[in-house]
Each structure stands twice: as structure tokens, then as C-alpha cells.
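Chain lettering (A, B, C, D and E) follows the sequence in which the chains are written, and residue indices restart at 1 in each chain.
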Amino acid sequence: MSLLKSIADLTGKTKTLSIGSAPYFNQVRNATKRAAGSRTNKNDTAGRRLGPKVHEGNFVKPGQIIMRQRGTKIHPGENTDIGRDHTIFAMEPGYVRFYYDPFHPLRKYVGVSLTRDLPLPHPHFSPRSRRFGYEQIIEPEAAKQEEGHMSRKEYLQTPELKQKAEELEELLSNKRTEFKTEISNKLGESTENLLNLIVERMVNIYQLSRVGQSIEEAQAQVTFNYIYDLKLKLNRGEIKDADSFYSLKEYYLNNVANATNSKLAVDSTGTIFDYLTPEQVQIKQAEIIKQLENDFTGKIIKLEEKRSILNLIETPGIFTKEKQAQLKSVFLPRVLPVTVPGTIADDFDPKKPGKGVTVVRIFDDKTKEVKTYGRTQNAFVPQE
Amino acid sequence: MRINSVNASTQRVVNQLSALSASKKQPKLLNLCKEDLIKHKTITNAWNVYQRKVNEKRHIQLNAQYKSIHEAMEDLKQTSPQLYALANKPEKKKKFPLDMRMPTDYPPTKPWVYNYEPSQKRK
Amino acid sequence: MISSSYARPLRYLGRYYSTKIWSDFSKRSETLKLIDPKYEKDLLQGINPDQGPNSLVQPDRRLAYHSPVAIDETFKLAYEYLEGESAKIYAKIDDKKSVEETDRLLVKAEQYNPEVLFNIENSPTQIDREQPVYRKYLQEKWESHDRMLSMQRLEQLHVIPDTMPTLDPKVEVKVKFPHNTVLEFSEWIEPGTILPAFAVDKPPTIQIQEFDRVAENSLYTVLLVNPDTPDLETNTFKTTLQYALTNVPLSNSNNVVGTAKLLDDDFAKQHVAREYEPLVPEKNAQLQRACLWVFRQSSGEIKASIGEEDNFDIREFAQSNSLEAIGAHVWRQQFDRSVNQVRQEYGLPNGRVFHRVRKAHPVIPAGTSNVV
Amino acid sequence: MSRLSIRSFSSSPIASKVGYSTVQPVHHLIPIKKQTLGKRFPELNIPKDDIRSPQYKPKDVYQDRVNEYYQNVLKSDLLLHYYEHDSEAVTGNKARSWGEFSPYAVYRRDRKPKGLSRATRDIKPVTPRNIPELTGISINLYNKAALEESWINISARLQLAQITNVKPKVVYNKSNVLPWKVRQGKECGCKVELEGRDMTRFLSTLVELVLPRIRTFKGIKDSSGDKSGNITFGLSPEEIKFFPEIENFQELFPNLFGFHLTFKTNAGTDERARTLLTSLGLPFYKEVKNVQ
Amino acid sequence: MWKSGLRKYSAAASSTASAGNSTSISSTLLLTRNPVITADVSKFEAQYYKYQNELWKRLMWTFPSWFYYRKGTISEQAFRELNPGPVFNNPNIEFPRGRPVVVHQRDRRFKQELKLPKTYKEVSQEKKEGGETAAEEEGAKEDNLSRQIVPNSRITKADESKDLASLERQLSRTLYLIIQENSKWTLPTFKEEQVAQGDDTKDSSVTPLHTLAEQGLYKIGGNSINYFNVSNTPCHVHKSESTREYFIKSHILSGRFVPQSESIKFLWLTKEELGEYLEKDYYKEIEHLLSDI
């Protein structure tokens, strides 16, 4: 309009611009679209009210919206998060900062700084600034109630845990009484207090050997635990002074630890036995294996023999559990090999084996043939 | 039963597909015991060391040959520029002859062809 | 088996050449031999098919085992070849070479020895860590898994940069609490595990495995800090020191600070700079991280004692004592039913109790008045 | 299929989740291979050349005479043959920069090379480090019949497997060309990439048993090649009959399919590649154009 | 800049060289016979290949016999007769060395060992041979495609008789030609004639080194040699004050070396044998040109 007007003004002043007889600007604009509304005219929507909602340095509360956008024009920085439609909102109370991040040079970020004077982004290698945000409960009643509060998971697990703890306690108290008689038998007379200390020590060693510690490790650990507890007592003031702490410590080391370390030991099944040094254990292991090989291999195993084999293998403190299982599978097979004399019936009819004879067919890998044997009762190790 | 009742050409395709596919044809996995595993590793290590040595030796020899060619050409350039120009002429169309064969595991019945007749050109 | 001397073992005097070098222990260490002699026959002479390999436990599985065809004959030739190559490398070692060069050659000479390979695969806890070849394999194993795992956890749990700015791991740090009678807590702890208070109420056993040869008289510092102690005055967190060991001498094989050492009064007096105090998180105070840092002391002994200040600045401490961070470990704790008992044991007052819901109070900058 | 209907283990629907993720910078320099830290499939972390891996396959199973011939005889010959004194590397046609000062070009891809859509390699003089070598043979079988009936491709795959001892991969159409009945995603043939002993065994069979028996075979066209040292030629179904693996089982392979062979070399130029291939026993012939 | 300087310098040097007529140029022929059979492998290599091959077979898929021998055919029957199935996993039998795991007639724990039935051609051939007389059989043997293949020995008659002049000796090694003219064994060397006369403007006035070597070879060894000259470029130079011997590498492909005069003796030798025949310093100088295989 203004353009038209100014040009019209111009023409008024200088006539040279009029061309021909027809007035130059006497022009009619014809409709290029159909007058009736077409579909394309109606699809305008209301503005989505996008854009930043707070300014640099403004204080925001957690959850307050900082930016509404389509796509990530601005990326969520520190202490902010991004919603389903890319809305950025605050996660912590603080002051809004718009910034660039050197790790993503093409992005703009918005973050919330926890204090007014803290710039963003924070230096990469400096500690993060964090907010604690929890309020102390001052009132004692309410505090006690809150402390006793359990999550649902904890609440549901409590009875089971309690039962397990009780079972363990029962097992240990049984062991205590058991150990008490055994130890008093082994060590002879001693005071009640000393005996209790020794029993407690053996129970602790038993517990540690159950989680796989060797007897020497467990002994050192139990000694350490006792002395450490004494030290804590001293710190708490339950022991008067350092001197009585040292005398108690010396007493324990001399009369309990050192006195029993070389005499008593306990294995993971809770059997008390005489302590053996690792070298002695090795010798004993070799002895037992030799005995097993000499006395029980290539021979018929009856119930009696089976028991003595088991006794040998399960001699406390000699073999580990895995080794025991392996020895059992070697020396106590379900069926004895055919080479053992007296386990094969001499003449038998495979179709009509006599009483007490079992027909066994074995494939020989070398000759590629199946051999048939009649096994007597003796071939099978009795099962209890 | 149904498989057997299809016509011959379909059966052939089924056979072809089964010959290609892995189902029921794979062997058991090799589960070596500890000792055999270490043995296998040692064998592999020895082979790798051996191959490395062989390759190193080849590489050294090729380098020496290259150096030697370079020296010869450098010398020829000094001694006789014409011969150098002829020797350095690129032989782009030259091909290796088909008579140069790769070795076989066992020799042919006649290991060497003696009765070679030179062509007309050479005379 | 493991020599405890800090002195440099194994120097090769004069030229030495023998083609049967791997069965000659007059100049090589005995620890390069097979640790478990029962495998020797199966490994070096071949498995008897009527008995099966010793490494399989069950007799029936043993008999059912079939070795690959021709493995023993091939192994014999391979062994001879590698042994010859090893002898050539041993011939290169003499006293004029530097320690690093000697170590490198020793690794080269022994790395393909099947006995060494068998030891490192099957009894990694019993090997002699003074031998460079074993350390090399230990390092490879550590780098292929444990180092990545621990660095992932340290980064994910923000131990770096919340305590120290960064870490270039040089040593493997392993932690366990051996006083536990429950299997779950008595093993080595995976970095980042959440532990109950009763499981950590005695000082931990720490293993610090160096992979390069440790110089004589090298000293180490171990610090355990909790960067998540609530600071109500500023509504943020402060760092507290829970345990500190300083001037600890360690070597490649003598690398565990545990019960045996702590029982020794002299050790405790000289090296425990701050007595152990477990983390005792308060109710609703969320998860807290126990960050264990291992430092190499690059400028000798630390003489100054550690102050009792409220907020322990580990960065400042490391810098002022010129400590080089070489390894770290982390576990986490939160309030549980055993916390109060541990507090009692250590003579600590009852813990505060916080509201279950986190409030929107802003951080109060230090120095301003305490008005919420 | 709408995104909402995708089943997942998560309790919240996918639509309510933000499509945004970012990588946080780390504070250390240790590269972490995340897949090795998982505990679920430990055997997948074992490298293929370890015997404990289920994918283990022994490689050096016999003496490789072709490779030995190349290493012992040809390498030294080729080095001498290609030697050119005082020659220098010929720089290839490279992508060009947009100029130093244009702010619009900071993160833009480089300009295309002059007159080409792709950059070409430098041609370096042959030294002991880069003597031309046959790196692989790729066999490509385009099966027109499979466009109509995809089961026909089975016999084509089996034929390739029979000849090469390697299981072929199926090739699918990439685009729609309706007049040729080409539909996207339909099987249209198979291919095999040969390396190592598979390659040398195939090469020796081809050179010693197959090509000499094809009467019409004059050689590979001298103009064949992709300008960077990879030479291709084709074999027709009648010629494939001469492979001994096929010849003895003709009744099992009633329909044979021709294929294309590409000899992949690191020679850099076709000329060098041709010389290399002749040294391995493959003949070439020069096309005679009809001159009026 | 430096390039042009170098060129100038070299031109000057060459002009002095040719003007001085002091150096005599000759071309030495390194004529090789390439190995005919594969290299001999060491004990370890052979054993390794065997081990790997066994592993390979152990890890192979089962042979799809139903595909190659269709059910109900005679060939299938023959195949089954030749290859009885593995031991059946009978639950009533004990297998101390492990239970067989049989799928598709193969024990999956082991490699599959197969014997193939003879083809129709082979069988008919056998039948025919049975009916024919021995003499006819002999005649048919040479050109019959389906005769049984027996590999030739890797050691030839020449090896047995230690004929050092034979081209059929040491088939697995590279052989080199050396000749003796004046009681000294050397590689064949041919002197350049025209270059000494010194007209360096025309190329035609000189014989290229490789042509010189070729002409020389025909002169001393006759015309019936099929050989391949690897390159125009010399691969080595043997220098002394006034002589230059440039080495030209060639392979003999067929034909034979026939000495053209009585005085010429020749041998085909391997690398190690060359060390015994040639002068020590000379051998050391050219050692890297000779192939170990």
C-alpha cells in the first residue's frame, strides 16, 4: 500500500513515467483461488506456546518447566531432565544457566546451578556439587517410629531371616555344648571362664572353616577378632585403662590362642580333632591313600569294608570336601571292575542266569566287541 | 510318510536343502581337558613362532634383493646411461608364461619336457 | 613356594646355554615348575587312554574322555622347538643388561613354557609373583576383565571425580572382609556391591598387586573415604576419612594388608594413621559410597599425621604428600538393621533419622546464616 | 505397525518415554568393552581362533602349495619385474576441500574429486612391503530363475558350496524393477568370499583342471578390471560342468548356473593385477576390434 | 632443485665413464629351474598339518550320504556295505569309554571315516581288465583316464644316480645353472662388446643386458631352451675396479642346455651346492639372490 502510494505520488510529480494512453497503475487483481473455502485454508492450528519459560539466573523449583520445544533445540544439562515431548524441567532447586558444553560443541544446554554464584558447566574433573535435601526428624517419638519403618520387601523377608538366625543360633549352641565336653576331655581340667573362651574360639573357627578358610587362617582371624573387640571395648570405656587391656590380651594370646592352636582343630563338619601341621596333613593324606590302594583295591567290598573306607576318607582335617567326593567315587564305585576276583560267575547261561548272578554286557573299545559277564552279588558295593 | 509321498523333483530339492543345512550334522563340541588345552596352546604357540621366523627370513631376503636391484640400477646409471635407459624401460605388456607352473605334491610321469622346438621368430 | 624376600631374584651370571633348558632348575627358579606334580605325566608325557586325564575328577568321565588325534606327538615336537628358542633367549641374558631388559627377556623365554601356562591357568593363587612371566599373564588377565569392570563402576558411581579427579590404574586392588561367616560376604568384593553394616564391622583385607617390578623401599598409602556424609548446615555432603594406612612397604609377592599384619602391634603403630571405622549410614540418608584409594608415595615417607578436621580433603592430602593414585575400589552401604549394633560397638551415638521424602530446600552456600 | 503395540518387558509404554539419550564424557582413559563384562554368554567372548570357542575352525590343515609357490618363487620375481628405478608415487584423484575460510564448511564433507564420484588411490612403486598379492576370490552367482521360484536358489547354493567347500550367503534384491520381475527383498542368487586355503584350492582347481578343458576359453579379457586391481570374468553353466566336483555327480545337479569370479588383489592397478594373475596361471587375451 | 643437480652429476659421471673406456660391462645370467614339486616340510610342520587335519575332520559336518547315494539304488547299497554304521547306543550295554552319540550314522564324538564305492567306470574297467590279456592291459594303461592313480616318487632317477647335470634332480628345490670354461665354475657371464667402442648417441649401438644374456645363452647352450626372462632390470651388480657384471634373472621352462663346445661343462645346483662350487666371497655376495627352497 505504502509502496503504491509513494509511486503514485511520484507519478504526480513527473509525468514521464506514464506509458501510453492507459494509466499505468489502474490494475485489477483477479482472484486466483476459488472463492469458496478449500481444505487447505483451514488447517492452521493455534500456537503451541513453545520457548523458554524462565530466564538466565532465575530461581526454579524441582519439576518447574524451563523450556518447551519441538526436538532438542536446547539440551538438558546439569540438574535438569527431559520429558516425552522434549520439555526440559528442573530436577533440583537452583538458578537457571544457559551454556555451551566443550564435549558437545554444537549443542546449547540449559542447567540448574545449585548456588547463585556457581557457573555452568562445572569443570570436568572437579567434584560434582550435590544437594542433600533430606530433613532431620527432631521429635524423638517420630524419629523412633520412622527408624523402625520397614520397606515392604524387608517386612516380608523378616520372618524368614529371623527363623534362619534362630536355626543358626540353635546349631551353634548345640556345637558349644558338644565342644565343651570334648574339649574338657581333651585338655583336662581348666577354669570355667577359660573353657568358655576356648569353646567360643572353636565355634568361631568352625564357622570360618565353613566358608572355606583353612585352619591356620581361621585361627589367626579369630584371634584378631577377639583382640579387636577388646580394643573397641577399651575405646568405649568398658575396659578401664590400657594396662588392663594389655593384660587381657596377653592372657588370651597365651592361655587361649597359643595354648590351643597346636592342639585342637575343627573341620567344616564341626568335628574336633588333634591339630596337624600342613606337612603332617600331607603325610597323612599319602598314608591314607596308600592304605586304600593296598587294602581295598582289587578286592570285594562288603559293608564292613565300606565303612572302614568311609572312615578313612572322612578322617577329620585331612581331605577337603571335593577331594573326599573324588576319593569316594574312586574307591567306592557302585560296581566293582571285572578284574576283581570273585565277582564273576564262572559258568552261567546268559539266558538263564542262576540265582544271585546278574548278566552284564560290556563293550570293549579295542576289539569292538560286546563281552558278556555274569556278575555275582559281590560285584556290587552294598548301598545303605 | 508325507515326505516320502512327494514327487521326485520336490524330493530332490528337499535333499539338496538338507545337504546344505547344519541340522543333525554337527559334531559334538571339543571339550578339551586342562592338560590337552595347554598342549594345544603350546602347539599353536610353536606354530606361530615358527611361522613368524619363516616370514621374517623371507622379508629380510626380499629386502636384500630390493636393495641389490636398487644398487645395480644406480651403478648402471653411472656406468652406461644407454643400458640404464633400456633396463629401466617399463614392460607393461609382459606377461608370465603359462608354461611356468606351480609345483605339485608329486612329480608328473615325465618331470621335464626336453623336446622343445624354438619358434621361427628366434632364428 | 613364594619367596618373601624383597631382593631382586634371579640374575644370570655368565652365558648359559642348554637345549633342555625347561627341565633344568639349577639356574631357573623352582617356581617355574608345575605346582601340582600329579599333572606332570599327563601334560609332558601324554595321557594314558586307559586311565584318562588327571584333571577330570569322576572316574567314568575320565575314561570316557578322548584326546584329539596326534596331540601328544605334535606337542612333543612343539615343546622341543619352543625349548630351543627359549634356550637361545636365555643365552642373550647376562649381567650387563638392565633390570627391565632382563625382565623382558625372561618373559620372552618363559611365556610359552607349558608348565608356566598350566600354572597360571589352573592355580593362579599359588604362583610366584616375583617371576616376571607370571606377572605378565596376571596383568593380561586383569586387563581383559577386572580392570574394565572396576573402572566402569568407579565412573558410574562417580567415585571419580567426587573423590579424586581421575585414575590411571596401575595395580589391581582387591578387598575382602574375612571375618564374615556368610559365604556371600566373605569372598573378594566386586566393585560397587551394596554391603550390610555387620559385614564390614572389622577392617578389610586389601590386596595390592603390582605388575611391574616393585623397587626396593617403595611405600604405599591406603585411604578409605566416605564422600556422602550429610552436611546439614549447607544442605550438601562432606567427605569423612574412615581408615588410613600410610608408609606401607609392599612387594610383588608380599602384597596383602590383612589380619596377619594387623595382628602385629608394630605394624599397627607404624602404619595405621587412622583407626578403621565402618560406614554407619543413617536412616533415609540414601546409599553411601566407601571409596578406597591406593597411592604410591613418590617422595618417601609421610611424616605428618592426619588431622581430625571435619571435612577431609583427599585431593589436598594427596597433593601435599605427593601421592600418586594407582588403584581404587568401591563398595556401598545404606541403613540396615545392623547399623545400630555396629554404632554401639564403636561407641558412636545413635544416628539421626531423616524424613523419607526429599524436600525442595535449596543448597545454602557456606558462610551464609542457617535459615531454611 | 504402530509403536504403541510393540511388546516389551518395561511396565511403562514406549510412547511415554523420551527419545533422547546422550553420552556422558568419562574421567579416565581405559577403553571398556562392555560385551565382555556381561556374564550371560561367556562363550561369545572367546575369540574364534581359540579352541574353546564353538566357532573354532582349524586353518592350516595341509601344505598350501599355491601360497608356497607365491611366497618362494613369485614374490621375488614380481619384485624384480615391477621394479622401476627412481619412480615416485602417482597421487590419485583426491577429494577437495571447500576452502579454508568458509564458515559453512566446518562440518561439511569434502568436495568430490574432479570428474569422479569417488577418490582414487595413490599408485606407489612396488617395494618388498607392497608386492601385489591375491587377497581373495569372490564368486557371485545371480540366479534369474530364483526370481520366480525361490526354491531354485537352493540348488544354486548347493552348487557353489559343492565347488568351493564354503557355505554361500544368499543375495537379496535391493530394488524393484517390475519389467524384470525384480522385487525388493526376494532371493536372487548367492555369493561366496574365498580366502586362505579355500581360495588357493579353488584357484588350483580352476587353473589346472577346469580352464584347460574349456575349448572355447581364450582367456580373461585384457580390458577386464575395476581400475584398482580387481579382475572379473564369468563362467557359463556349460563350463561349470568341468569342475570335478560337479562332473562326477551330474545327475545330482541337473540345472547348473553360471557365475562371476572376481580376483581381489592389492595390486592397485589393473595392469599389475593382470601380471600377477598370469603368474598364477590365468591366461589373458586381447580383444580384436572389427576394423573396417 | 636437488633432483636436477643429481641428474647433472650423473650425466657427467656417465660421460666420463664411457669416455674413459675403462669399465667393461658384462651380463651374468642367473638361470633357474623352479621347483617342480612342493617343498619338503620339516618334521614339525608335517606333524602340525596332520594334527590340524585331524581336528578339521573331527569338527566336520556329517557326510550327507542320503544326498549322494539315493535310497534304493545299487550305489547306496554298495556304500552301506563299505561303511557299516557305528556302534548303536544300546542302553543294555555298558560302554566304559563313553556312550556313543549316534546321529545320521555317525558317532558325533569322533571324525567320520568314509570309504567310497567304486564308480561305474572303475568297476567296468576292472571287469574288462579281468577278461583281457595282460599285454592289452599294458597298452590300455597309458591313455586310459579312469585307471587307478599311483603317485610318482618324489625322488627321481637323477637323484639316485647323483647326476648333477640333470634337470630332473632335486625336484623340490630351485636349481641354478653354472658352467666351467677355464677350470673355474662360474655363473654364465657374457661381455658387452659395443659399449666399449663408445658411440653413445644411438640406442641401437648397445645390446640391452637381457638380450645380451639371451644371445650368450644360445651361443653356449644351444637353441632348444625355452626360458622366461623375468625383467630387463638387472637384479644385482658384481663390481670390481674395471668390470661390471650385471645379473639377469631368468627361468628355464622346458628344453635342455646343450653345450656348444667341448670345453664347456655345466651343472644344475641348489643353493647349498653352489656354495661348494663358487668362490666363497662371490657366493656370500650373491647368497641373498638364491632361493632357500
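Just so we're on the same page, contacts are C-beta pairs under 8 Å (C-beta built on N, C-alpha and C of every residue); 3 or more make two chains touch, one makes a residue touch a chain.
In UniProt terms, the chains line up like this: A = Large ribosomal subunit protein bL27m; B = Large ribosomal subunit protein mL40; C = Large ribosomal subunit protein mL38; D = Large ribosomal subunit protein uL5m; E = Large ribosomal subunit protein mL46.
Note that the structure is predicted; figures quoted are calculated from it, not measured.
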Centroid comparison with subunit E (C-alpha atoms), farthest chain: A
Which of D-E and B-D has more C-beta pairs touching across its chains: B-D
Distance between the centres, which are taken as Cα means, of subunit E and subunit A, whole angstrom: 65
Rounded Å distance between subunit A and subunit B, as computed from the means of their C-alpha atoms: 54
Gap in Å, rounded to a whole number, between the CA centres of subunit E and subunit B: 13
Whole-Å gap separating subunit A and subunit D, where each centre is the average of the chain's CA atoms: 47
Multi-partner residues of subunit D (at least 2 other chains): 27, 56, 60, 63, 65, 68, 76-77, 80-81, 83, 85, 252
Touching two or more other chains - residues of subunit C: 65, 68, 71, 74, 77-78, 81, 161, 165-166
Multi-chain contact sites of subunit E, meaning residues that touch two or more partners: 34-35, 38-39, 44-45, 48, 51, 55, 58-59, 67, 95-97, 109, 111, 231, 233, 235, 251, 292
Interchain contacts (touch definition) - all pairs: A-C, A-D, A-E, B-C, B-D, B-E, C-D, C-E, D-E
Residue numbers on subunit D that touch subunit B, as the complex places them: 51-52, 54, 56, 60, 63, 65-66, 68-69, 71, 75-77, 79-81, 83-86, 127-128, 131, 151, 154-155, 157-158, 161, 167, 204, 252, 271, 274-275, 278-281, 283-284
Subunit B residues within the subunit E interface of the complex: 15-16, 18-19, 22, 24-28, 30, 43, 46-47, 50, 57, 61, 64-65, 68-69, 71-73, 75-83, 85-89, 91, 96-97, 99-100, 103-109, 111-118, 122-123
Of all residues in subunit E, those that touch subunit D in their complex: 34-35, 38-39, 41, 45, 48-49, 52-53, 55-56, 59, 67-68, 119, 174, 230-231, 233, 235, 249, 251, 291-293
Subunit E-touching residues of subunit A, taken from the complex the two chains share: 360-363, 365, 368, 370
Of subunit C, residues touching subunit E in the complex: 49, 60, 63-66, 68-71, 73-74, 77-78, 81
